[in-house]
């Protein structure tokens, strides 16, 4: 089988799930005839018709709320945010209504909210964000953020089948830049399980999404230049976090670097550090360190964006510091 | 001078600042004639009139956006969220517009968004939240959450004078339950500085808002029953965090417990743990531990709410574990 | 309406005895709009009530016992003590529980009724919003979405004159809320919300339209909130005499009784029979409700997700057993080879 | 209008040379509505433009040089490279920069004009929203707020037929956007957006109303987006012939020229003089813009807050000096007494 891109993998998952289950349908801005701002849903309308591929008004509250209502009735809506940044517009209905519906009212919200996330693409402050932290912080939501084409497909299929709301972050830098070979058959990847992206002995990098690739690049270089054996953990699911995988790598290498593209303060690295402290403090030979974006809105001009976001060289430098600690 | 409550202290700050500076004005739902859901703004309308004490429609986006616009023009709006939970409704305009205005457009937003926060009052899932984490995570916003009447007044005055947007969380459980003696004169408390609420040697509790009082109770008990000397740090400002105060207490006691009322995953304790790791790992004699709410929406019935939220006994138990580590 | 009113009066008594946990919200003077509109639906239809639509919930089959248990935070209340006052629902009986953030139920009901349409089901939805809630973005996005999709949805603006203390003149510059219909491209109608039969008729027209596939209707029901926002609110912001005038001249129960007697020749005995039945029902429910206990604390951790069904109590909680002991890192542990052996 | 068009054409050329960083947004065919409306304001008034209101910004004093630098992400661009395309403003010259999340500028301009009112200043605000942006909660909350407060604000719905690929029939069920005025209790007016003088007149009436203290007006300007949402959009969703028809029959520049020639007896020479001046201006600006360099990386850390004025580079960044060395915890450090001594 030929390799397909991360973006095509997502599209395949949508096609397969819509074929498999008539309750699955898609909603979003410009997802029908136009196929979505990034063409993720291209072809869906022709195949499944206007009833199941719905172009909506520019109304993130409306779309997310309608998905919840449809979910209550047994449908499995998959809604697209044109950019994941616009989750902010639906923050109330997602965190207050959707996240709590099962708990306070025994109403299921089997729904997926997906969309392009992340930077490195000169998108400026409103088309580059990584707003996962606010949602990982919300009990009742699940959050998935794949780094590979295989995981993009397998996790989206699992998300659509999940009985709760899953926020599915797609990294737009990866859309057409990476490819993968899809396993044959009904390929799903379980939500809540991290992946060892590279085995190593000397230190661990825990990361997800775009920075998985930077971590792998750094690991390669560190192996060559420093003879360091670096383990890279791709979290894949951010809520619920795979605590076992995190503790296992800490106890194996005793040195941990957390890398994420999101800004530093209040980003996920803090949560992971706390969990490591609680369960594996005695295994630490060095402080848990983190490489993240700087705490500023993401600027647009290339030298600025490149400066603000974490780069491979940053990971290398931090890893060396950690190894030498 | 007589002691006044936490709520009265806030009201005093509003009165004084509105008197001092004609650019200060208030907006919010039911804040005028009615004096606000908790009566914080009681009397403001009579004193300052309808032009400066504006009852608004139920429109959190509208109110916050209008405050930003007025701020651009040199006003200093203070807006009330009837409950801080409704910040969620203004999440986009706060995190995308207000937080970035200075950075991307050189537009100042000197404004305060204040409102009653927190639980322990049988308020149910939508009138009890502590949504600070999502805003501490947003560069461009400042976040303040006082625990004492003195700080409530002094910090609100500073917030109103600040040239950027300050989210001012008021703990509704504390509104009428605690009192303080206001320092004479123009009493301000600097934003960004933590407070040593109790000096101690054996371990540190870092906390803020309602749980400062639980920590103090626990410290008292631990001193009596276990002979433990517990230091309690009241952060007061959550963004920017007072890193120096945090590191100082770690290096002093070598054992740290972080306590907050907010849910666990993605709460502020993670960020604090990461900062301690980065700068004071070698001073740690034990893992940084945390006592927080459980990761569920906050239920309403007393036994449920009491179970979900952190209690003094929890702090005591955690502190004992930490001391014995 | 009688049941709504009697039940609320009972709740007031319980509130005064501090048996109600938290606030108490009344619909005094607004019973007709809730009851009349809910009767216009079929069993299979779904409505989403507001805090002041107790009457609509009762029509849809909610029981006084459920209401009392919920207000008293009992373990066997419909939400097992998770939610307060009348925030609960039952899709089987055809009502979906409310949520505090105002307006959010409009898009949710757009999705419920979109599903009816997609599945070709002969069902209709009804969502209530207060005059104040019309100012929210959620209301706007939800009704617009439903209008474009021609969802079989009736949107009722329950205009009771106030949003908490805020009079409508501070809520909107429009002369009437029904004027918003045009901007959403949907039919609008206004009715006397204190005339239960007029409410029924107007709602029925809107429901029929929805059932015929003609989409959304915006219905404004004119009524008046005679009590404060909640029991603690002393209504000092209300002009003198306004409440009395409504109570005297425009009470929906009085008006309905007058018609029952005048037009439908109900006798005093008939009416007393209704009152007796209602009182008995509420008495029995109160007795039963008082017997229930509070919820089990551990139940607080169940049901956030379908999977896992429950969270674990945190380690510092008494009785969990799981305290954080000093970690045991065996000698030599922490090198790659050491872990290989384990 | 000529300047708008020529400048955009230059941007297309630069875009093809990959000198524009990111996307390019055109207002081809819509120049009249931006320019005509902006001319109805006084210098002291403030407007908030959309991405397709380049013309309004130019009227307000934005320069081609600024636009070019901004599109090319130069260090001396108006936002020093922080924001893209024409997202920038200058309150002195009377325009406030746009933000991507649609609708947010409506409440912001409500606050700007509320301030004018509070201070008794004789100033007016103007905010543009697209047909698509009317579906947002922010638009709704903002215009309603301004209407209730009778802010001196003109809200222009620029109806160009599409929101990205979405035609208005999928955006609203209303027959026209001006129908929304009634629901907000404000006057509404519709004008031909491709007739620059009609736009001016209609806007002027609304501005005058605002200046007289009569509050908000909703103005719908009918126009057509002849280019895609951005340069990369191939407009495959547009019915055949629609674009050509508008270009042929309803180009705002052609129409204005026809009137200038017909009614105001402009000569060919007059028109060529304008064209020449515009070309020269754009040429000069392009030359200058190309000479500017990119921003300094470290500038990325300044100005998030007034205080502190800048953030620190993170420790792992090359050149920061500050790496995390092995912590030095002196012998005995970590007891209370030890720290006392330090």
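For reference, chains read A, B, C and D in written order, and residue numbers begin at 1 within each chain.
Assume a residue touches a chain if its C-beta (ideal position, glycine included) is under 8 Å from a C-beta of that chain, and two chains touch if they have at least 3 such contacts.
Quick caveat: nothing in here was measured; it's all calculated off a predicted structure.
Engineer: Report the chain whose mean Cα position is at the greatest distance from that of subunit C.
Structural biologist: Between subunit C and the rest, the longest centre separation is with D.
Engineer: Could you please state the distance in Å, as a whole number, between where the Cα atoms of subunit A are centred and where those of subunit B are centred?
Structural biologist: Here subunit A and subunit B have centroids separated by 30 Å.
Engineer: Using the average of all C-alpha atoms in each chain as its centre, how far is it in Å between subunit B and subunit D?
Structural biologist: Centre-to-centre distance between subunit B and subunit D: 36 Å.
Engineer: So which bits of subunit B are touching at least two other chains?
Structural biologist: Residues 56-57, 59-62, 85-86, 88-89, 92, 96, 100, 103-104, 125-126, 139-140, 278, 281, 287, 289, 295-297, 299.
Engineer: Which residue numbers or ranges of subunit C touch two or more of the other chains?
Structural biologist: Answer for subunit C, listing residues that touch two or more other chains: 82-83, 87, 99-101, 135-138, 141, 144-145, 148, 170-172, 304, 324, 326-327.
Engineer: What's the contact topology between the chains, one of line, ring, star, complete, other?
Structural biologist: Complete.
Engineer: Enumerate the contact residues on subunit A facing subunit C in the complex.
Structural biologist: The contact residues of subunit A facing subunit C are 25, 51-52, 54, 56-57, 59-75, 77, 92-93, 96-97, 100, 102-108, 139-140, 142, 162-164, 201-202, 229, 251-254, 278-283, 285.
Engineer: List the residues on subunit D that touch subunit A in their complex, please.
Structural biologist: Its residues touching subunit A are 21-22, 73-75, 77, 80-84, 87, 99-103, 132-133, 135-138, 163-166, 170-172, 236-237, 294-301, 304, 311, 313-314, 316-318, 323-327.
Engineer: What residues of subunit D sit close enough to touch subunit C in their complex?
Structural biologist: Interface residues on the subunit D side: 135-141, 144-145, 147-148, 150, 170-175, 179-186, 215-216.
Engineer: Contact residues on subunit A for subunit B in the complex?
Structural biologist: Per the stated touch rule, the residues are 85-86, 88-89, 91-92, 95-96, 99-100, 103-104, 125-126, 133-134, 136-140, 239, 241, 263, 265-274, 277-278, 281, 284, 286-290, 295-297, 299.
Engineer: Applying the document's contact rule, which stretches of subunit D touch subunit B when the two form their complex?
Structural biologist: Going through subunit D, the ones touching subunit B are 79, 82-83, 87-89, 91, 96-97, 99-101, 104, 106-116, 118, 137-138, 141-142, 144-145, 148-149, 303-307, 324, 326-329, 333-336, 339.
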